[in-house]
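Structures incoming, each one as structure tokens.
Each of the next two complexes has chain A plus one other chain: chain B in the first, chain C in the second.
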Partner chain A sequence: MSSSPYAARTAEERTAATPDTGGRRLPRTLHPVAWWIWALALATAVSRTNNPLLLFLVLAVLGYVITVRRTEAPWARGFKYYLYLALTVVAIRVVFRAVFATGMTPDDHYLFSLPHIPTPDWYAGIQLGGPVSLEALLSAATDGLRLACMLCCIGAANTLANPKRALRVLPGALYELGVAVTVSISVAPQLVQSVQRVARARRLRAGRTKGLKALRGIVVPVLEDALERSLRLAAAMDSRGYGRAGSATPRSRRLTGALMLLGMCGLCAGAYGLLDPSAPTLLGLPALAAGSVLCLAGLRLGGRRVTRTTYRPDPWRFAEWAVASCGVLSAVLLFVNAGYDPAELNPSIYPLSWPTLPLVPAAAILLAGGAGFLAPPPTPPTPSAPPTPHITAPRTEETA
Partner chain B sequence: MNPRLLRTVGRALAVLGLIGAAVLAPSGPASAAPQPIGRCTTSSGVVLAVDFSHWGGPVYRSCGTTPTTGYELLNQGGWRTTGTGHDGPAFICRIGFSGHQGGKQYPTSQQEDCVLTPPASAYWSYWHADPGEDTWEYSQLGAMSYRPRPGSVDLWIFGGTNIEGTKGRPTVTPDQLRAHNSRPTGGDPAPKPEPKPDPARTAQRPADGDQAPSPPSEKPSEKPSEKPSKSASPSASATASPSPSASATTGAAVAAPKKGAKVVDAAPAADAEHDSGSIVPVAATAGLVVVIGGAAVFAAKRRRREQ
Partner chain C sequence: MITFDRVSVVYDGADEPVLRDVNLSVDEGELCLVVGHTGVGKSTLLGAVNGLVPHFTGGTLYGTVTVDGRDTADHPPRELADVVGVVGQDPLDGFVTDTVEEELAYAMEQLAISPTVMRKRVEETLDLLGLADLRHRALHELSGGQQQRVAIGSVLTAHPRVLVLDEPTSALDPTAAEEVLAAVTRLVHDLGVTVLLAEHRLERVVQYADRVIHLPGNGRVVAGPPSEIFTASSIAPPIVELGRAAGWSPLPLSVRDARRAARPLRTALEGATPPPVRAVPDAPGATLLGARGITVAYRGVPAVREVDLDLRAGEVTALMGRNGSGKSSLLWALQGSGPRTAGTVRVGRDESGAPDAAKGGDPKKLSAAEARRLVGLVPQTPTDLLYLESVKQELDQADTESGTGGKAATRATGPSARAILDRLAPGIDGATHPRDLSEGQKLALVLAIQLSAAPRVLLLDEPTRGLDYRAKTILIAMVDELAAEGRSVVVSTHDVEFAARAADRVVVLAEGDIVADGPTTEVIVASPVFAPQVAKILAPLTYLTVDQVTAVLRDGEADA
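== the complex of A and B ==
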């Protein structure tokens, strides 16, 4: 699928292409699914805690793993954009908490006061403006930090895993959705690449790359470029058999569609039932199980009639197992409540007190950072191709 | 990271530090004060009742002055609440009383982590009964917005309700909880002077004495001391309490509850101790983050050199 110089090589190629690394592990790219499992598990672990110490630890671990294990591919240079997005999330959360005042308690530390806009009696549930306390801002910031950390986990997966190789491991039945799946999986990396390309073009033309004025000059080309590239990628995939029905009869296609749709409805209902304790019990696990069974049946049925061979399959070896289990283990440790008080995961801001650092969750997060050692080092860029991709480089990837 | 980002982060930290340095002492005095239960009458003061029967405890009853908000009433005289991380302190997620189980707040962190808004099937619901009314009204306002009228009763019960407030109604009646005396009984009110006293209230009130907040009211005087020890055993269900006569002697004001928990008067108590924790975990985490960040910077530099 990809013939870029950054793509993974098979073992034979690697030994031929890379020089002796002096006893160090041979560089190769990890299976993209392993990175996705690791990142999603870490995001799951993050969803459990509100402790700023643990959240900062997660950010540090993410930063470390990305620094040591990212490739030189264009999408691997985009983590800072996810960080900007995360900072925006925190800022929005804090501003909203300040504007939609949640009230001062007598013990709060007063910071400043916003002009209070009185609301009528029938609308008294929402207050605009008023005194803002340190506690309110801190709790908004930690709340935002949690979402920011989850965003950064997804960003890490997008940075570390090759999105185009990840696309390849999708089950055959999803090929039906061809264009939609391709665009949805590759849109974030595409956006990052587009931002970089447009910024570089502006630099070359000695245009402004900072400030609000430059933003307008960047946003429009970026959106246009990203959509155009996604569509071009989808067209390239289409010409290689994505979104083709193969030898399926209309009847079996309808059956597959119905199974998938019902299964997805079951999954949604099941998730809703699990999250809402007041929902009837039939809506919880049973609906979830039925939904998964239907989805699996649909996937199997859809995958059976489309036979595709894989060129240069990504291997799944020890490193993949190790990285994926690192992430999963840290999530499990944060969910079993063993060896620590669950209250420590969500320290209270009211009244203000220093958060504690529970040892087991901290160790679990550091364990997730072990992926930085367990994953093989990334393939260095070959001398023939400069590490900074020139303008034509991304095109070859898309159409490859 | 690049130096520009570092500079931005540094600036942000500096601003945060300034804010931290500018933090003032806890703001202004509370406008309401806790009172012994005898100070509440049919036309003055607000009776606050909290039902701990979900955890085998009694229904506590205490008194506060007006003007006040439902929130202030629930955060004075030993009462303390916790909000949620998502909604702030205005959403009452936990309630604790320093005279009950050592100030332990319910629901406990095992039952509810108070990060997101609790489900409608298990939360503290807020009920009012205006003076003279014998039906509970589901509060249409939050605790911070609602201002109880003098002589009214505020009740907090734990459980689930529907939106109309027809399910999950309280089992106790307002009559069991409200003050029936038309004049304040008992000795001195709480020593805390009110900055803005209610005129109706001051007219009835004898001179304040600067005394410790020990409840000097005659009838319930022995109650607070024996209350914690009695409720200390969570296994004993409220109905099977060995000394129902104790609550009967609490005063003529309290009728015997029909079913469920007994009603116990809660005298104003000192706030539960607050421990602001130690800075060591924060410092340790900062050290860890610096070490990991340093390793990342080192790895990035080595990588750049190798290329």
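== the complex of A and C ==
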């Protein structure tokens, strides 16, 4: 890469545009898988606790990492929607707990009472309305908060890693799946545009704008448009080499299928064996391992039939290791119960008391936040240069 | 490089072959121009080069097509991707990824080229096509010319020996088209790429062609040097028609050559005053539509800025300007169906005395049905208005919507949509599905639907897109007839030759402002971008069309 004069030039431009690169580190995008490992590990860690202090700490860490390491791309602006979703989750949980009241014990703090709605006998298990206690609401809120935190972790991964680049790391055998997703992502906005255009054109004919007939007037042209467009896209992809046959023979294809099927069976059996204590031990880890090996072999073999390379593959370097291990380490620390009382992770609300902040888990979560400065700074947004309408000849002659 | 050996193509269900017994060979480094009317098999010929015909389209191909020694019978398009690059009409349709750089790399990824080579080629291609500044930009943010250059670049990175371009400039304004064609000619001259190019607007490309492949119809193909083919071909750019009229030999194909050849012609024409391109009305027509201070803004970004415009009866106005200069926004705002941030539109009432003649007023404030009886608009994609299964159903529906057919016919408010269509484009079978019509016929159908409401102001948004010379001549006749009926017609177009022949008045928009407004001759003769070929050749004389020149020459002969 450094042998090319272009790489040097662009790198210079990038550093010049970002003053806060910290001197030496070049801005680049982190491998999407590193962000996913980090986020999923953090989500796993979150699943261990419903201590609100720890959960708020997680949210703060997510907020910090996203603010410092997200790009200006359209998909990187979506974190607030995950926050809205998280808030909705908490709200729904609290409201449900209040409405489907579970009654209260004498120790509970009475908060307010909803009108009690008598339920029929066959529905006796569930009570509608009635007194609502502070404890019930608090436990619902912390439960909701935990779920919300996990949602935000996934949202952070989607915000920090380009989803399309993430799809590119799919094994070769699943390449078609990735392409289908990528194409549908780019076609969706075109479809919306097409609907808007046709809906606007409806007024020109003074056609109905409401009702079934109007729907037909919009759906038919849009679908015809979409069909023609996808045919043209398919033709374009075909002429650009999509789906070139690799070295696959019918035999290897059958073998791939068999391997994948057996592997899946092994994985299912293994999961069952692990979760059910009464199952024979052979069904647990050994079956899981055998299943994974078979699946991997199938994917490898299937991947061989597609011959394809990746443009500017994301490197996996120190920063990727660092970010991924930050996440994994914090998850491990929350699972091993070392150096702190496990009860502190799930503080009891009986008796009602302010939760304590256990030191080790808090440090573990802060450690995950270290990803914020371990990851390289993102590439700065490209300056929206005014379109250059003409082709300048002399400059390019030298390079040709 | 490319060899067609006794090639015939028959599509499933068709009686006649599209191509019949074609023998053709194209040498390396040639720029071949493929010309012919719509529907004579240009796209089939181009598609056969990389095997899309018949592997993708279906149908049967007899004979053999070989490209760089590979027979397309054994090689589907994907196996030819490293030899043939194909660029279509609308670049957005072919984009698979979403940024410039990734799009350039896509074909190479499919060909399993190593990452280091890929990186080098992408950088080279970025420079070759002048795209370096746009490398990280999203594809849909680019202008049309830039998108088309990316599309060309995206096939070039695979280092194909042959480039097939199917009407690459049909959606572009003159400047953007120049930009793309300049890129293509550089590829031919600097890299020796063989190019097969189909194009309707020959005036843009004819000077670059080494050879012309002419499809006269009936599935036949004639190939030869441009000056030879164009002496006889039924389609020719204005420069060739002028050359034929003046009897120049060999035929000049570039404006420069033509100017040299035209010296005697210019002296011959010196004394005469050019006859008007179009009949001048005795008195200016009444103002049908008056717009004041029209402003259209999208999220605070103005597309049209405080435009004043008066449209008079019997006048054809061409609305010109580069892509994105606000032409469409202005037309939609005038019709009242599009957004309008500020300004007023006043459309005069119909004083024909008919019982339900349209009331005057601002079309934006009226109901959709009343608005379309004042101002009719044919959108850029006319098919957006078509949704029924046959032409007859569409026309009947139009009559119901306009209240002319059916029961209302007794009131005889106007001709039915069918009658209008028969006048505009005779001979369209009512049972045909609208999608099966040619571009010109679709346009006529939508025009008939809009005219069934009898609007006195008619706006056409880029109707010339995808039309060949014959269809354009028919469109000019339609527009003339509408103007003769006392309507006011506005046509937004990129096609300067069309504007020169069809318009009384030209309005040029730039960044939402009107920068020029006046009689066609005054506005376009002086402009280097908008001047038609005849004007460029005969400047400083103010001729716009070949017909003007021939008329003067004829008069001269009669006098002598």
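Couple of notes before you dig in:
Definition applied: the second predicted complex is superposed on the first by the 242 of 400 C-alpha atoms of A that agree within 3 Å, B and C clash if a C-alpha of one lies under 4 Å from a C-alpha of the other, contacts with A are read in each partner's own complex, and residues count from 1 in each chain.
Here, a residue touches a chain if its C-beta (ideal position, glycine included) is under 8 Å from a C-beta of that chain, and two chains touch if they have at least 3 such contacts.
In this text, all values refer to a predicted model and were calculated from it rather than measured experimentally.
Residue contacts after overlaying the shared chain place A:251 against neither chain B nor chain C. Once the two complexes are overlaid on the shared chain, A:108 sits against chain B while remaining clear of chain C.
Of the two partner chains, chain C is the only one that A:164 touches; chain B does not reach it. In the superposition on chain A, contact is made by A:354 with chain B only, not with chain C. In the superposition on chain A, contact is made by A:232 with chain C only, not with chain B. By the document's definition of touching, of the two partners only chain C reaches A:183; chain B does not.
Contacts of chain A with chain B, set against its contacts with chain C after fitting on chain A, overlap at residues 387.
In the complex of the two chains, the chain C residues touching chain A come out as 50, 52, 55-56, 76-82, 84-86, 88, 90, 92-98, 101-102, 105-116, 118-120, 122-124, 127-130, 133-138, 140, 142-143, 145-146, 154-155, 158, 175-176, 179, 182-183, 186, 190-191, 332, 335, 337-338, 367-369, 371-372, 376-377, 379, 381, 383-387, 398, 401-402, 435, 449-450, 453. For chain A in complex with chain C, the touching residues are 1, 4, 6-7, 74, 164, 179, 182-183, 186, 189-190, 197-198, 200-207, 209, 216-218, 220-221, 224-225, 229, 232-245, 307-313, 379, 382, 385, 387-393, 395-396, 399-400.
Touching chain B in their complex are the following residues of chain A: 50, 53, 56-57, 59-61, 63-64, 67-68, 80, 97, 102-111, 124-125, 127, 131, 134-136, 139, 142-143, 276-278, 341-343, 345-346, 348-357, 362, 366, 369, 380-381, 387.
Within the complex, the chain B residues that touch chain A are 1, 5, 19-20, 22-24, 26-30, 71-72, 75, 82-83, 85-90, 109-110, 113-115, 119-122, 141-142, 144-145, 160, 274-279, 281-282, 284-285, 288-289, 292-293, 295-297, 299-300, 303, 306-307.
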